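First chain A sits with chain B, and in the next complex the same chain sits with chain C.
This part shows the complex of A and B:
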């Protein structure tokens, strides 16, 4: 089969469709069919109808439809109890070898009590070879379908645009790329042939009975045991590869999460932030202590501070009075009084003697002169008290300055630290530090798992090599024993033919694997570079374990692609597979442009037109995707255009010709 | 019907495999054998029917 084009899709009693026929015309360059419908109108169920018909799988089943019957509720509701309704999806395909009609059906029966029973599904295929009139039923429907599109490759031809990124993650994990390339290059077929030749050889050996001798029997048993051991080790090896692959995929996912962070820098900043927050707390506490001390001091000196101006003024008045002699210095009175008390004048005269009575009276008069009034005395006392207060007040200024400057200094440091903290928060404020730390730890665990798997893989491989070498030796021995028996010469000859066949087919398999991988790699690179013109993805390659890689700055850029870029990579890989197969299968894409930014949609549309002019493409689009600009760009390549109309009351959709 | 199937279901890549088989071998019988077992596998549903087909082929080609 060189090509397969869908001519017609007939949907009966499937999901929200009662009976719809979609005709698809095709000619090169006019190869696209568009079906437009709002979300919920049934676009994805058209997609599901196609995948169900081919593979009995509803690839894009919405959560609301899960668990619901395929037969529309409206039909079931109106179905008479005891009656049966048939659900059928029929796809008519035209190939270079004739027409193929694929039909998958199932029955829904309404019991008399109103309960519902489903039967089926059943798949049937009718073929009408080119130039023949009659339709012939094919007894191998799955085989026919696998020649149109294989089950493993379906995800690259029946594409759910919105889930393509997920598919590519899955692809890496489950090695779907490898399987697709194997399938595409018929490596699967070759491998199956090689395996079957091996099994056939074993049946030949089983035909050799005990008369051939104990040596032969023992040797055969040893070969059987060794092969069993090899199979077990191969199973272990596969599990290790799967574990490694899973750990690698998980590590890649974490790398994507960490790609915007320089983890080491963030850790350093986070530590600095922690230190700063601690420091700021300590400064706050010191400021608080200093302020408390300052306030306590203020309360202690408050009267002197509050009345400082009044005190200065009063003291000034008292000083003035004193300088005018109106306020005798207290010392004068005290001095004279002291002279009288001691009975001795400053000139040395003894005032206690009677002869000096007059002198004493003179001094006593002087005391009267200098004796101050009660008010004057109070004023004098006040003057001294005011002096002391002013002394405190003078010290206050010094202490005040010292204390406030300390507080100011601390406040200044506090503000600086706050600024520093603000700057760090700006840098890492939105980063979920704890999450990043956790992700880093998990990443480390996956790295260790990968290393561990690598070590174990090497060990198992070494054991396998030894066992395989042992089996070869045993095989030689077995053949030698067999050669001695005339009865088994034919068996030996057939076994040698099997060996030769296995050797030739293995050589072809290895050669094709390399060639087709290279072809797919080159085409994917070419298509992808055509789609993403703003970035340089020219280093794209497919690794020996079938992972797509684009090395950019020591990272695999595939892990960092946007949803739109991943979608484009999916389209590129699908196109490369299609080209590599040299087989023209139809392509169905549900929401092909939803993940593409509006400004790039025209580029993608043009790419579809330019890269796949000979492919039959059915696009299921939303109104939001299929804008006027997109429609206008597609226009020259569109052959059929349909629109889905929804009846909300009946919950039924119809597919109308849009023209 | 079966033979019609076999002739109509040749995949493009199978042609490539057959071409490789032809180029890899000088032995005509071996070439025929491998071409035919690939065809058997191509049209094979799941099961062990191939064992009988292989046995028949050995008889037809090598005996």
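This part shows the complex of A and C:
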């Protein structure tokens, strides 16, 4: 079979459809059918109807539909007890060998007590070879289907946009790629032959009967034990690889999330906030100190200002007395008294020191020389103190300006810093810090798991290598023992033939897989570069252990692809496999553009048109995906366009021709 | 004989106001004599002088002479001279304090109103002093 095109899909009593017929016309370049429907209207159930008909699988079953009967509730409700209703999905396919009608049916019976019983499903296939008039029933329907699309390859032809993306995430990718290339290589028969030769070799070995304790028997037992050990270790190794791969995939996902959060920026903001808070605290403390000092100054100068009238009046009286000579000249008395109070002579001598006691006494005697009455003495002191108070209050304006401007300046800086802090807090507040912390912790755990797995893998690999080398030695020994026994010379000959056969076939298998891998690699690279034009993904390659790699700055760019890019990689790989299969099967995609950013949708649509002009494509799209711009880009390639209409009362959908 | 280290008395109400004032950050560190001087200044400023009740004088005093600085005494003396028009009043420190006590008693209401009116004390007080000098 070279190609298969769906001509018609008939859906009867399936999910929300009572009886719908979708006709699909096809011609190269006008190869796309669009079915538009809102979420919940039944797009995915059209997809499910197709996969159910082919494989008895509903690939995209919503959680609401799970466990529900295939027959619509509306039909079941109106069904007379004792009657049966048939659910059927029929797909008419045109191939180069003729037409094929695939029909999968099941019956739903309503019992007299209202309970419901389901029977089936049954698959039948009718074929009408080219140029023939009659339909012939084919007794091997599954075989016919596998010739159209193999069950293993179905995910690359019947695609759910979101599932394809998930399928292409790191955890599944390696196995998926290996299996797909294996399936595409069509080497199942080859593998079966290799397996069969292995089994035959074991049978031959079992036929060798040697007495207990015999070298041959002991050697055989040792080989058996070692092989058993190797199998166990291989199992352990596989589990370790799986664990490591899963941890790596999870770590990559977290890295993408952390990248979106811009953790480095947050760190810088957090540091800046810490510095600012420290700075603000220091300014607050300086303001407080300055204010305390200023308040102390106010309490020192206030009396000179408020009681200024009393001070001036008193000073005037005292000045009058002094001028009349009733008060001693202030300099003489006050000066000498001040000298004693301060403890320092005019010549710089420290009058407080014991050795200078005589000098102090001399100055005290000077004071006695200016002895005056007690009132006069008090008045003189008072005059001096009031003079000082007046002087302080005279300087108030100047000191006030100096001190307040300092405080104001600090307050201004304080407000500026507070504003800065507020802005940073807003910036940091926009980041989900707790979530980032949690993600970072999880990332660390995955990193530790990866390192742990790596260590264990190295250890298990080393043990495996030792065991395999031991088995090789034992095998040589076994064959040597066998060669010595005349009875087993033929067995040895057969075993050697098996070995040779396995070696040759494995070589062919590997060569085929390498060739197919190379072909798929080339096509995937071409398609992916065509889809993602703004990034350079031209270095894409598939490693010997089936990993897709795109080296960019010593990293594998595949690990950091966005959801949309991962989906595009899926489309590219799917198209590469389709090309490699050299078989033209129809492609059905549910929500093909949902994960693609609106600005890239036209690019993807153009890619579909350009890369798959000969493929029959059925797209099930939402209104949100199928925008005017998308519709206009698709227009020239669209052959049929349908719209799903939903009746909410009956919970029934109809498929109407959009034209 | 001059009285050694005489006491300074205030009314019960004045004490209550001082206690309230001390709860505020601006006055937390202030001593009784500082608050007394403040009340005296407010009394003098407003020419408000009121004798203390006899009972106020029989209680223990608010502070003593020894806690007052030379500057504090100089102000109180100037106020006493201004009130008595007699320089010799400075020889009788008890009289000087008695006059000051009466001013404090008369000033306490003004002080209370000023301190507990809206706005920070520092700002209000600096503005008041500034205006006084104009």
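Assume the second predicted complex is superposed on the first by the 338 of 659 C-alpha atoms of A that agree within 3 Å, B and C clash if a C-alpha of one lies under 4 Å from a C-alpha of the other, contacts with A are read in each partner's own complex, and residues count from 1 in each chain.
Keep this in mind: a residue touches a chain if its C-beta (ideal position, glycine included) is under 8 Å from a C-beta of that chain, and two chains touch if they have at least 3 such contacts.
Because the structure is a prediction, the values reported are computed rather than measured.
Undergrad: Which of the two partners, first being chain B and second being chain C, lies in contact with A:313: first, second, both, or neither?
TA: After superposing on A, A:313 lies in contact with chain C but is clear of chain B.
Undergrad: Looking at A:389 after the superposition, I want to know if it touches chain B, chain C, both of them or none. Which is it: first, second, both, neither?
TA: A:389: touches chain C, not chain B.
Undergrad: Going by the contact rule set out at the top, does A:228 touch chain B (first), chain C (second), both, or neither?
TA: A:228 sits against neither chain B nor chain C.
Undergrad: Contact-wise, after the overlay, does A:30 reach chain B, chain C, both or neither (first, second, both, neither)?
TA: It touches nothing on chain B or chain C.
Undergrad: Once the shared chain is lined up, is A:512 touching chain B (first), chain C (second), both, or neither of them?
TA: A:512 contacts chain B only, not chain C.
Undergrad: Along chain A, where are the residues that touch chain B in the complex?
TA: Going by the criterion above, the answer is residues 1-2, 97-98, 129, 136, 138-140, 142-144, 147, 184-186, 189-190, 192-193, 196-197, 199-200, 203, 493-494, 497, 500-501, 504-505, 507-508, 511-512, 581-583.
Undergrad: List the residues on chain A that touch chain C in their complex, please.
TA: 291, 294-295, 298-299, 301-311, 313-315, 317-318, 321, 374-375, 378-379, 381-382, 385-386, 388-389, 393, 396-397, 400, 404
Undergrad: Which stretch or stretches of chain C touch chain A in the complex?
TA: 26, 30, 34, 37-38, 41-42, 44-45, 70-72, 74-75, 77-79, 81-83, 87-88, 90-91, 121-122, 125-126, 129-130, 132-133
Undergrad: Which part of chain B faces chain A closely enough to touch in the complex?
TA: Residues of chain B touching chain A: 1, 4-5, 8-14, 16-17, 20-21, 24-25, 30, 33-34, 37-38, 41-45, 50-51, 54-55, 58, 62.
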